[in-house]
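In the part that follows, the structures are each spelled out as structure tokens.
One chain, subunit A, appears in both complexes that follow, with subunit B as partner in the first and subunit C in the second.
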Partner chain A sequence: MDILSVIFFYIFSFLSIVGSIIALNSKSFLNAIMWASCVFVTVGGFYILLNATFNATLQIGVWGILIPIFLAISTSYLDKPEQNKTKFNIKFATPAISIAFLLIFILLGITSNYFERLFEVITGDLGLNLEYSSLAILSENLTLNYGFLIVLFLIVVFLLIVGLNLISVFKDREE
Partner chain B sequence: MDLLTNIGLYHYLVIAILLFCIGLYGLLTTKNIIKTIFALGLMLSAIGLNFVSFASFGDFKSVSGQSFQIFLVIISCVQIILAISFVVAAKTLKHKKIKTVFKK
Partner chain C sequence: MDIVYQYYFNFLGKLGLSDVLIIVLWHILLFGLACVALCVSASLLIVFERSLSKFLNKGNFSFSTTDLEQEIFKSPKYSCQNILPILFIIPILAIWGIIPYSNKYIPVESDVSLLLFFLLMLIPIMGILFGGYSTKNKTIISASVKTTIVVLSFALSILFSIVSVATLASSFNLNEIIAAQSLNKGALGWFVFPNIIAFLVLTSSILFFTDLLLGGLVDLRFSIFNLCSAKILKTIDFLKYGAIFIFAIFIVCLFFGGYLPPFGFYLSELYQINYVLNTSAVYVEQIFWLFFKSMLVGCSLILIRFFPPVLDYKKLVKYSCIILLPCSILNFIIICIIKGISGGV
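Right after this comes the complex of A and B.
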């Protein structure tokens, strides 16, 4: 676990520093916003390494997702000459964000045995554990440990990112 | 070799300093409003990282640093939403109208 935490620390630090430099120097607004969200998600990863999961949820939820969405909306209100004419290519920024989300997901799974709990939920669905139904275990985990919420949330976000990537790839092929 | 493998307080402080310096550079150099907001956010997240790292590695292990970080996130979120609303208001309302509003 120590070696893994060291590896995760270096990956997060690399992604955060490189992503922040790219975000400040990128020409298109949307590309900068995507790299910025990547940086803030990696800072959330640092909080998970420091055993501050609640702060990580706040960081990822507010800085990683909410504020980039607000910034992306506000770019539509800017004048045309202020907007750059370079076409936003989602394929450059999304792999970095997806890697960051996946790393946090794996880190949570390794550190707190979330995969075992997920497996318990699945076995409860199959009827192997009749005393505790799947919904009971799920609600218990949700109430006792908010980290379970993060895992579910990250899975949804990761699937969204993969879907966006696939849509962009198919659009490019059609063109 | 121990310095690379045993990650402690100083590693997180170095990362926080680097993020803060990149944010400061962006704040001073860019004229774009979106990038200045991002640079401000980068500096604030570096400060939050400092708080949390001191809370977990410092001599006084407590939750106070983490609670400070929560306050920091909430305040910065409000600040950035205000900044975005100013941008939207300045762009949607024309300058003449804004002047008349301030005169009255």
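Right after this comes the complex of A and C.
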């Protein structure tokens, strides 16, 4: 768990730093809002790393979702011609937000000791003795460390989202 | 970095390739199970809806096309808009992880799982709003802003009715809320009876919430799906029914006892055959009750959707702000007072 938390810390910090830099430098106000919401969601991830889930949900719900929505609604009542001229891209911000949400859910799954409880059901409640050595080792290792699975799953999801993104970019260029 | 390499080397060295394959397959199986459950529930609800439409001779559930919808279909489709359904798909798949299938089997157990559910409900609103902005069409932008305002007003009433249930159970954990609806009393112990106002507010606001998210309102038919290209729209269409099923599970967990049976005892505990068999049968029965109840609730939700009240934007805002929101707040205050008098939270 120690190494896993370090890996998650670096991913969250990378996302938050990149998001904040883009949010500060983007010309479009809406673009900045999208990236800022990504930053706030990743900050919620830090709270989960500190075992403060209630704070994390408040951070994500209020700062990550509701305040960007209210800011975006308030822009619709402004009649600034500059706002219409600037480009608004959702290509990169939406995958970033979705990746942050996925990471947070995986982290929550790890912190709730999903595998431990699952194998408790098999071994403890049913009173079964695991005769297969490979299964016993598997359960032991899963309860001790399951960073390998998480990394595999993350890579697959990351590739999917990046692939979707790239396809959309190339299609836009063709148009 | 050496520590990380050593860590994975040890991990792989202990397990062996076959075991790693088993773990990977196990995870693919879990992920697949969520997808299959979503597809099966959605297809069952679609079958129910079609058979109902045949029975009532009403045709498919659809409104006549409005001017706004024609404008959406005429507006140029940017391929970046095809990414927007991610903001709808990820919450729908993630919610399957929070649901307590039995008293021990919960993939992601958190102390604030009820709030997490509400949080995941809010994510598609971002998709609606920012999708509207990405069209660069003024009428579509104003429609998306209007829909977000109405959806948020319904979300507020949902929040207050959820919190009233949490005060009754004195916990935000979904599993503890189900456990608080005591098994011994059977159906009489469910939270529908002491908290019926919250149940009515939640169901009505969830019906409008889903209709607004998925583009079913009469004069504001705006959704994430309308912005996508026709191919993606066809493939994602069944997700709407999946969302209704998930909301049905949510209602069942809060008000109808979740995985608890309605009799006050488990059917599999009637005859004691074998300890292992009986305990494993209880888990299966719990999963059965959860899905059976949620399918009933989901079918009734679709049945209500066949007779929708014709409400335009102003009427909807009035309905949510004057009737639903005050009702839910009053209900919350009354429950807090009763809970305080009867023994504290």
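Everything below uses one rule, namely that the second predicted complex is superposed on the first by the 110 of 175 C-alpha atoms of A that agree within 3 Å, B and C clash if a C-alpha of one lies under 4 Å from a C-alpha of the other, contacts with A are read in each partner's own complex, and residues count from 1 in each chain.
The definition used in the following text is that a residue touches a chain if its C-beta (ideal position, glycine included) is under 8 Å from a C-beta of that chain, and two chains touch if they have at least 3 such contacts.
Everything numeric here is computed off the predicted structure, so don't read it as measured data.
In the superposition on chain A, A:Ser16 makes contact with subunit B only, not with subunit C.
When the two structures are aligned on the shared chain, A:Leu66 is found in touch with subunit B and with subunit C. Contacts of A:Met34 after superposition on the shared chain: subunit C is touched, whereas subunit B is not.
The larger set of touched subunit A residues comes from C, when the choice is between subunit B and subunit C.
By the touch criterion defined above, A:Phe54 reaches both subunit B and subunit C. In the superposed pair of complexes, A:Val43 makes contact with subunit B only, with no contact to subunit C. With the contact threshold set out at the top, residues 3, 54, 66, 73 of subunit A are in contact with subunit B in one structure and with subunit C in the other. Contacts from subunit B toward subunit A in the complex involve residues 4-5, 7, 11-12, 15, 18-19, 22-23, 25-26, 30, 32, 34-35, 37-39, 41-42, 45, 48-49, 52-53, 55-57, 66, 69-70, 73, 77, 80-81, 84, 87-88, 91-92. By the touch rule above, subunit C contacts subunit A in their complex via residues 3-4, 7-8, 11-12, 14-16, 18-20, 22-24, 27, 78-84, 86-87, 90-91, 94, 97, 104-112, 115-116, 118-119, 122-123, 125-127, 129-131, 133-134, 136, 141-142, 145, 148-149, 152, 172, 275-276, 279-280, 283. The touching residues of subunit A, when paired with subunit C in their complex, are 3, 30, 34, 37, 53-54, 57, 60-61, 65-66, 68-69, 72-73, 76, 84, 88-91, 94-95, 97-98, 101-102, 105, 108-109, 112, 114, 117-118, 120-121, 125-128, 134, 137-138, 141-142, 145, 147-149, 152-153, 161, 164-165, 167-168, 171-172, 175. Partner subunit B is touched in their complex by these residues of subunit A: 2-3, 5-6, 9, 13, 16-17, 20-21, 23-24, 29, 32-33, 36, 39-40, 43, 46-47, 50-52, 54-55, 58-59, 62-63, 66-67, 70-71, 73-75, 77-79, 82.
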